[in-house]
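Presented below are the structures under discussion, each in the form of structure tokens.
First chain A sits with chain B, and in the next complex the same chain sits with chain C.
Up next is the complex of A and B:
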């Protein structure tokens, strides 16, 4: 056997090994089913396809958890995972599902708004495939995701994405970005159809409030805030004022000229009052160290610290980092503050819930509010 | 699956075959490794892994 044939054979064997071993991990990640334990407040479990049948059986047929109070009241649609790499959004939604009790009104909760996006990670990003939350019963494993719909579910992208219905031109990849595809349409792409299903849920149930959980880079100005359109601004402002004694938060106006985002389109295409909450996630920033699970969950990074020393960050950042309990806690407290202000705004449509807040999360960690799927009654465990 | 998606998978398959052909024909070890590396993402897409 000549030298170059031997070298080619070796190369082929190595590449096959990489393809098989790596491919198995990617396949396992894409098909990993996350367990969610139904908490005491959950009264019904649905799917987005219940609101738009063509979604049934697709990767984006996400689970909708319904928590109905004893008394009738207002309705809130709360969702995380529009950008699956912003894990505090998904975790905050899951904490609500597993712990919240609704006294009055109804919550519709979707932890994985863009479920497809959670089945892959950012190409060339070097992301961990999973992250683990420590609990008293061991660790619970969750899928790490990308920002956009997986290309295996929606491909190819056009050169330019034309937003429906505004006609605004956006970057090609935004056609797979759930938070640029609102309000969606029934004959659109998978991402647009998913958002359309959510809009059908909002319209069918006359949802009053929509809350979209996100995370943002520390080098990005729109973080530590509630983004709200003019119709929601007074509620958002009062909520932020009330929260300011707990943590740094402000409001940002939803720009009328920037189309496709939940805080713009949900309000324009339904009677609901939309809010988008941003918390800081150091993992998302570009100049960081390696993208590890530790960075994702602890939010500590020396390079970002140096960026902070040079005044390049939009939030305070020190050795304590931005741990996951801080980010999830902010989402929960901000949501409850928004609901309180909604109740003041609309006394006839009260939404009253009991759920862990920022201080509960900071004192006990996220794991204290996750249930054990292995010991739960199997009928109370949903695999998403 | 949309027609354009099917067409893109066909294009991807064609490119993978071209890379494989060049890999087999190539005498230089370095270039051979290069073709193998280029083929990897094409194969990951064809096998619907990434």
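Up next is the complex of A and C:
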């Protein structure tokens, strides 16, 4: 065997070994199931496939937690994980599932709207595979995700994505972006079918308000805000005014010309009033240090702070960072404020809940509101 | 953190210089070696998961390279390329300017439709190069012309991947780009072909003047049909996006290759040709895989964030002054990743000082396309040299690009600086 062939063979074996060993971690991450403990308010557990059968057995047959009050009232659809890398949205939804009690009305909660996207991280992103939330009983482990549907579940991409039904052209990768594929369609891609199932849920139950949890870069002007179309604007504005005592928040109009987003299409294709909440996540910004779990959870970064000193950020950012409890707490308080305003707006369809708020989270951390799956009744634990 | 990440960056640069110099590793291996040194220096040791994940970043691009090249190699082996060249030159050979403009459109259309300059090079580059040879254009000028037109094709509407990726990251709708992208591409494309091709630079002896011979078994419809199939599939996916299954460019080119193979009457060993195509593309495929690993490790170590900060933290006048360098260099280092790392924060910054994001992004796209000729990746530049068969020094090719390059740079930069004044071009 010549030296040349031997060198080629050695290189091939080394590369194969790297792919197999490194790939095992990716495989384990893709198949890791997060335990969610059913809280006192959960009355039923469904799946998105209950609203659109073809989703059954797919990676995006996401769990729907139903929390029904003793009194009938209005209905809210609350979801996180449209962008699985925006982890505060998923955690806020899980905190609601494990803690919220509904007095009147019904909540439908989906922590992993694009579950497929949560089963892989972003190639070239350098993300951690998991994040851990400290609790009194140890730590709870969660999957870190990508922004879009995993290519193993939806591939190939077209060379340009054309949104249904508007026909607007978007970058090819957006065909796997859950928040560019609303309202979805039954014979579309997995991402479109997932959103179609959610729309069917909204239409079947005559859902009144839909709340979509997100996180945004600090360099992005649309952060610390509630995004709402004109039909939802007065509720969003009143909620933001009430919340401004607690933290910096404002409202942003949903641009009519930018299609596929939940705050635009849910309102246009159902009777629901949609809202999208953005909180700042430093991990998402480009000019940061290493993309570590600590940056994800503590939200502190020296490079980004310097960008802030130069006036390049749209939110205040100092040594205290943007920790996960702040981001989850903002989501929870903003949701409750939106529900309060909804109740003022529509007294016949009240939605009354009890759940931890911003101050509870800031005082006690996220871990204080997560239950121990190991000591919980196994029938009360759902693996998602 | 600043100091630590800066030291990691310094370690990576030193490792690259040593690997590419005394250790005599190829550019690709030297880049991966440097990135691994950076990972070790940052305390991540040998991050196998990140190496595996990063290597898949540009898997789609690698598949497009292979299938599109296979498609063109089948056409070439069946004599179709000769027929195309003969057709263009016999009709327009005596009207040089018209022939050049026509060849410009032949180059622009595949890239404009797919957003990939590589597709222009692979689909049209061979035929256009041959036609230019018969028009008496020297090889260095042909290579420069094909590279620059492929770059402009990637910028041209309807699909400009740089603009689309930046729009996706900045939540700016990808609408209203037709004129800000289309007008400069047509003006600069015309300037490029005229500057490089209007005056014959090779002696046009009898041999050069003779058009390629085409056998009786090669017919127009047999040559045209595979192209018709490929473009029909691309166009159909636009016209009926919600009823056509998503085939993806790799499968579309593969279908084209199979159609070309089925229609040709020359004996072609398809598997041998496939194997030769892989060998032909191996350096390029190695580059895109290496770049994916490098970007992943640069992000892991914080080096990518530091570079991004360095670009946007400059005073505005310095940002403008350095745009002709920072934007192409970001493309040369990161490929399309440059749009994410630098484009997104840059557009937010320019937007915040009152510039028009759509026009500014169109200007930046013109600058990005130039970076595809710059090391360490130089993906499209190298692909063009390979397609044309240009074997001279790479710097000769870059020097030949100089004047059109300068023109593109000036137009792109001025479009960014005067984006507010040019906002009338945007029709949302």
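In this text, the second predicted complex is superposed on the first by the 372 of 384 C-alpha atoms of A that agree within 3 Å, B and C clash if a C-alpha of one lies under 4 Å from a C-alpha of the other, contacts with A are read in each partner's own complex, and residues count from 1 in each chain.
Note that in this section a contact is a pair of C-beta atoms (placed from the backbone, for glycine too) under 8 Å apart; a residue touches a chain by one contact, two chains touch by 3 or more.
Values in this document were obtained by computation on a predicted structure and should not be read as measured data.
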Q.
Is A:348 touching anything from chain B or chain C once the two structures are fitted on A? First, second, both or neither.
A. neither
Q: Using the superposition on chain A described above, determine whether A:8 touches chain B (first), chain C (second), both, or neither.
A: first
Q) Looking at chain A, does chain C or chain B touch more of its residues? A) C
Q) Touching A:319, do we find chain B (first), chain C (second), both, or neither? A) neither
Q) After lining up the shared chain so the two structures overlap, which partner does A:377 touch, if you call chain B first and chain C second: first, second, both or neither? A) neither
Q. Which of the two partners, first being chain B and second being chain C, lies in contact with A:26: first, second, both, or neither?
A. both
**Q.** Partner chain(s) touched by A:287 [first = chain B, second = chain C, both, neither]
**A.** second
Q: Examine A:18 and indicate which partner it touches, taking first as chain B and second as chain C; both and neither are also allowed.
A: both
(Q) So in the superposed three-chain picture, is A:152 touching just chain B, just chain C, both, or none of them (first/second/both/neither)? (A) first
Q | Residues on chain A lying within both footprints (that of chain B and that of chain C) | A | 18-19, 22-23, 26, 123, 155-156
Q. If you look only at chain A, which of its residues touch chain C in the complex?
A. 18-19, 21-23, 25-26, 121, 123-126, 129, 155-160, 162, 164-165, 167-175, 177, 185, 188-189, 219-222, 255, 257-259, 285-291, 301-303, 306-307, 310, 312
Q | Footprint of chain B on chain A - complex, ascending | A | 4, 7-8, 11-12, 14-15, 18-19, 22-23, 26-27, 30, 120, 123, 151-152, 155-156
Q.
Using the touch definition from the top, list the residues of chain C that touch chain A in their complex.
A. 1-2, 5, 42, 47-57, 60, 113-116, 158-159, 161, 164-165, 167-168, 170-171, 173-175, 234, 237-238, 241-242, 246-251, 292, 295-302, 304-306, 308-309, 312-313, 337, 340-342, 344-345, 348-349, 351-352, 428
Q: Can you check the complex and tell me which residues of chain B touch chain A?
A: 4-5, 8, 23-24, 26-29, 32-33, 36-37, 39-40, 43-45, 47-50
